[in-house]
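Please read through the structure below; I'll follow up with questions.
The letters A, B, C and D name the chains in turn, as written, and every chain counts its residues from 1.
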Amino acid sequence: MIDVAILGSTGIVGQRFVSILSNHPFFRIKEVFASKNNSGKSYIDAVDWMLDFEIPEDIKNLKIKSIEEGIISKVVFSALPKEVSYEIEDILSKEGHFIFSNSSSHRYDKFVPILVPEVNIDHIEAVKYQNRKGFIITNPNCTTSGIAITLKPILENFGLKKVLVVSMQSISGAGLYGISSMKIIDNIIPYIENEEEKIEIETRKILGKFSENGFYPNKFDIEARCNRVPIRDGHMIVLFIETIEKVKVSDIIEAMENFVGEPQKLNLPLAPKKPIKVFNKNDRPQNILDVNLDKGMVVSVGRIKESSFFTFTITSLVHNTIRGAAGASVLNAEAAFKLNYLRI
Amino acid sequence: MIDVAILGSTGIVGQRFVSILSNHPFFRIKEVFASKNNSGKSYIDAVDWMLDFEIPEDIKNLKIKSIEEGIISKVVFSALPKEVSYEIEDILSKEGHFIFSNSSSHRYDKFVPILVPEVNIDHIEAVKYQNRKGFIITNPNCTTSGIAITLKPILENFGLKKVLVVSMQSISGAGLYGISSMKIIDNIIPYIENEEEKIEIETRKILGKFSENGFYPNKFDIEARCNRVPIRDGHMIVLFIETIEKVKVSDIIEAMENFVGEPQKLNLPLAPKKPIKVFNKNDRPQNILDVNLDKGMVVSVGRIKESSFFTFTITSLVHNTIRGAAGASVLNAEAAFKLNYLRI
Amino acid sequence: MIDVAILGSTGIVGQRFVSILSNHPFFRIKEVFASKNNSGKSYIDAVDWMLDFEIPEDIKNLKIKSIEEGIISKVVFSALPKEVSYEIEDILSKEGHFIFSNSSSHRYDKFVPILVPEVNIDHIEAVKYQNRKGFIITNPNCTTSGIAITLKPILENFGLKKVLVVSMQSISGAGLYGISSMKIIDNIIPYIENEEEKIEIETRKILGKFSENGFYPNKFDIEARCNRVPIRDGHMIVLFIETIEKVKVSDIIEAMENFVGEPQKLNLPLAPKKPIKVFNKNDRPQNILDVNLDKGMVVSVGRIKESSFFTFTITSLVHNTIRGAAGASVLNAEAAFKLNYLRI
Amino acid sequence: MIDVAILGSTGIVGQRFVSILSNHPFFRIKEVFASKNNSGKSYIDAVDWMLDFEIPEDIKNLKIKSIEEGIISKVVFSALPKEVSYEIEDILSKEGHFIFSNSSSHRYDKFVPILVPEVNIDHIEAVKYQNRKGFIITNPNCTTSGIAITLKPILENFGLKKVLVVSMQSISGAGLYGISSMKIIDNIIPYIENEEEKIEIETRKILGKFSENGFYPNKFDIEARCNRVPIRDGHMIVLFIETIEKVKVSDIIEAMENFVGEPQKLNLPLAPKKPIKVFNKNDRPQNILDVNLDKGMVVSVGRIKESSFFTFTITSLVHNTIRGAAGASVLNAEAAFKLNYLRI
């Protein structure tokens, strides 16, 4: 059992880290960090717990630490806000910690992979070039997680030329206090700050190549339009995709259904049985029905049809705080462990 | 003052007809129709009123008629369900009634215009070829209303090649009992039956030409993906548009802002000051803020930007039961009246 | 393993029966019933599944039967609508079936218990007087389930004189198609048909005595006001309670926390560890946090305070389709099994 | 026309002040105040406008002032947050300003009335004893507004002994950024800080007597339990009321329907035709249907029935930011103007 620390353990993503890492077969939560004013409190007193089950018993009374007090665990899960994550993750990784970060701050660094183990497990090698005693491995933005997994079997089998994305994103993506209820109940907001840029950059990096000179983003074009809707969990993503090869809808469906990745082969604890669940009923996927399937780690897709302007269209649903955040980081750590990247 | 009848007067669209036509400068509600089992009741007793103001005083006690009892008013507004509208509208128009219909059943008939007066007022001439004593004029599907108005200044100024649509549609579009609350609260449904087909067919017909041989749909390509979201009113529509001419975003904005149509020139009572309101703030339009602007008759647009795959992208918001339904029919009737098509 | 049948297996409560009875240590789902038009279909094709996990594998392909085809299983769980439940349950129980019914139709019969095993397990004896080869055991109305469990430790320890109830009830209480989304999104409806009467009658029967002459309802007075709010799951109930004995808030809390019932003593599979969870934070219980605790079988209470007009006030939350419906029936069957009432 | 200033003009209540006072027959908005960091901006740039119509044209370009810059208008409407309102309102009123405040900070002062003109117009005399060049007149807490108006005809006709209140309150009551969407979508929070105390104190003061020695609160007992529900506008209030005299439900209804207050007699511009609208349909009032009736100034009531423990029960709905906040203040100012309290 490897001791781990959680940075930003009291936020929405931090709480997901706690729930996923509690009773984990590889990892044991040793330290929970939060902002200074919570330091010294027990986790149960510091957290504004938002999940519909109880805080795991063994975590309730863990004492909250602040980063100034130092960190013992070598393996660190980070749900830090962007404002502070860059520096803290940089220092800790240089000191020898293995950082699995949900923050965007290092995602675009030269040798930091944005890892989705089903998609680009080979990118993990980049950490060897980080010139740190430890390393930083990031996972993508929540929406990008769903997109990258959806695109992988398409890219592999038919090649990718163009990807157009229109998303309908849930409120949990903005964090515990991110969106006032007055702003979103009975409303749509047709914009999410920086989200479209993140999707456009990260998707290409994830689906690109890594060499010792850095990452070579895939060259397909991608454009995104992101919208906020009054839903608690799950980002629904309408995609229009142009492939390099000619392809029929039945080929697409077959490629999606046959897709398995490294986590499935390595039998990682948090890996879904299959990365993608294909629905052929017109009215699926749906948030209330499908977002929690297979521990919230599966990407559900449906409405696969030929498109007038692209090769085909598809609608994907991803659990934004599990597959798109904490679950993604934990799966990365599981992969790193199995592949012997956690030299502890 | 012209006496008018409302068919299907107790549904969501019927109620909007009642509210818009009450105190109208041209029209006076003379008859309200509903299904047989309500026949003889006063309107207030028959209707399950859903608007946030009172039923107009002069309508409250109008007796509900059933279509079997016959209809006196020459001008008829129809919010009939599709199952019965084809035949009833057909018969009444042959008998000499002027039908302004929100139903889809006659929209694709050879000489029935789908009229949006800002867009294709000349199509009204088609009624002369209907070979009926009266006529049928339809308005488009709710989402199509917003799309056609958005596209008109683009088509006129720069030409249209391709239009891609992804919509997020409110529940009122499905009628008073259309969607169970268990199906949509906290949920997205990525499909609306027949909606995509309607958009694809109607938009081209509206933006096409009419000659004495019938309608020639415009030849641009169009594809739509429609989603239901838990919002009461307003359909939000993300559009990607390819123009024939090269064009800059500033040109688009200018064309939109300068756009006025026939209703504005004719000073029709229900016409919005301008058909389109352009927002330049990133987070607009929004349902709770913009759907009711200018009596719910204006189409609000925002997020106009260059696109990678198309010329530009734009997000439009339309009030689905006003601009997209009852208001659309009434505006058609106002135009018909001013242009002397109501020979009563 | 005892074979069981589920009547009304495709509705909201029917689906909860399926999910709770699948992999049950005592019972095995042998037959699933639904209306005639679904007869012969596999369960997966007939049901409009609404839960956020998959239909259990072994149930997916069970063939739907209609009641006319006959029923083999002795143990029957009924989620039939009121219109048909009276007669069907009557006939089946006379033929020797053991009916565990969520329907209200027999709840007020002379020898039919409304059983809540933590509250009135001794009422189960009533089935001996039913003069049927089998029997009918009902569980209470969803809101009443929460009320009866909340009141039990109060009644036992301090006696009950008066109970005032104001409820805020979720939409799932009205079934899959019970409430149109247009009626409830962003709205409160201050009335639920027959609900107040059910609460007033059932609570007294449950908390009353059974003798061979029938049930003697408890004599405390009770009054209820029920409201519908736009929430998916969980009924929140504000109670004002007058006890016979004088009592302090600390006594109430102690009585609630110490309360265990027969299901806990018998270690029934679906029994929550404790029937009641007491919160002392002012802002609890909450639906999104507490409704699913302990398999949805625990009643969460909070805001226990002295009252000006009653002895004290308390707010209770019950999962209406689990503790208040399917879970209640299953717990009744578990108790009946352990107490040897299922003579099969 | 009297020039007026609005303090806290950019919040939810401030925006309601702007919308109600624009085009007012007595008052003209001369100054709009907000926090220092907005000082100098035009109103349209400073405000995060949340209403579903446009900012009034003449207000859009008013320059935001900060209180440090001084205030010219004698008549001041205050929507200041509690933290700063006490001192600012105190100073301004001493300097000669007439303050109509929605803040709670002075509500309990010895000579400051909590004025509801339909209920206690005579309390306005208290301002003569304030020993200020100007005065402070407050309006009640939003929920209390609805309660006080509901109780007035009961008190007057039958006397009041006991009032029990259970409320279901909308999110706008907590201000623009008061409640995170993650906290309330699909949820009920069974507690609102300080709300129950405010209701209990304010209702008695409003319905009490004023003499030159101060206010004598009415002696009826009152107890409240407040809940937050995911609704945009309108507080729904279930009341149980014990009268001094015996009374039938028909008497209650008659008293409510006959009730008119001073604003109706004085024909004040914002006064509703009648203060109370009585519904006899079981499922009314409802937020989406009734909250905006008569400019949002009418209190809608329904479900009037005999009660077991009290004389009767009734459900009231009040528009919390209009009748319960900005509209209440403006009606107070209209009354003060008509009664010659604004000696300018």
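Everything that follows uses one rule, which is that contacts are C-beta pairs under 8 Å (C-beta built on N, C-alpha and C of every residue); 3 or more make two chains touch, one makes a residue touch a chain.
This structure is a prediction, so every number in the text was calculated from the model and none was measured.
Visitor: Would you identify the chain whose Cα-based centre sits farthest away from the centre of chain D?
Guide: A
Visitor: Look at the interfaces A-B and B-D and say which one is made up of more C-beta pairs in contact.
Guide: Greater number of contacting C-beta pairs: A-B.
Visitor: Where the centres are mean C-alpha positions, what is the separation of chain A from chain D, in Å?
Guide: Whole-Å distance between the two chain centres: 47.
Visitor: Could you state the distance in Å from the CA-based centre of chain B to that of chain D?
Guide: 40
Visitor: When you check chain D against every other chain, which residues touch at least two of them?
Guide: Those would be 50, 185-186, 230-232, 288-289.
Visitor: Within the complex, which stretch of chain B touches chain D?
Guide: Per the stated touch rule, the residues are 49-54, 185-186, 232, 288-293.
Visitor: Quick check: in the complex, which residue numbers of chain C touch chain D?
Guide: 162, 164, 166, 168, 186-191, 193, 221-223, 225, 227, 229-232, 234, 236, 238, 240, 282-289, 302-303, 307-309, 313, 315
Visitor: Can you name the residues of chain B that touch chain C in the complex?
Guide: On the chain B side, the touching residues are 12, 50, 171-172, 175-186, 230-232.
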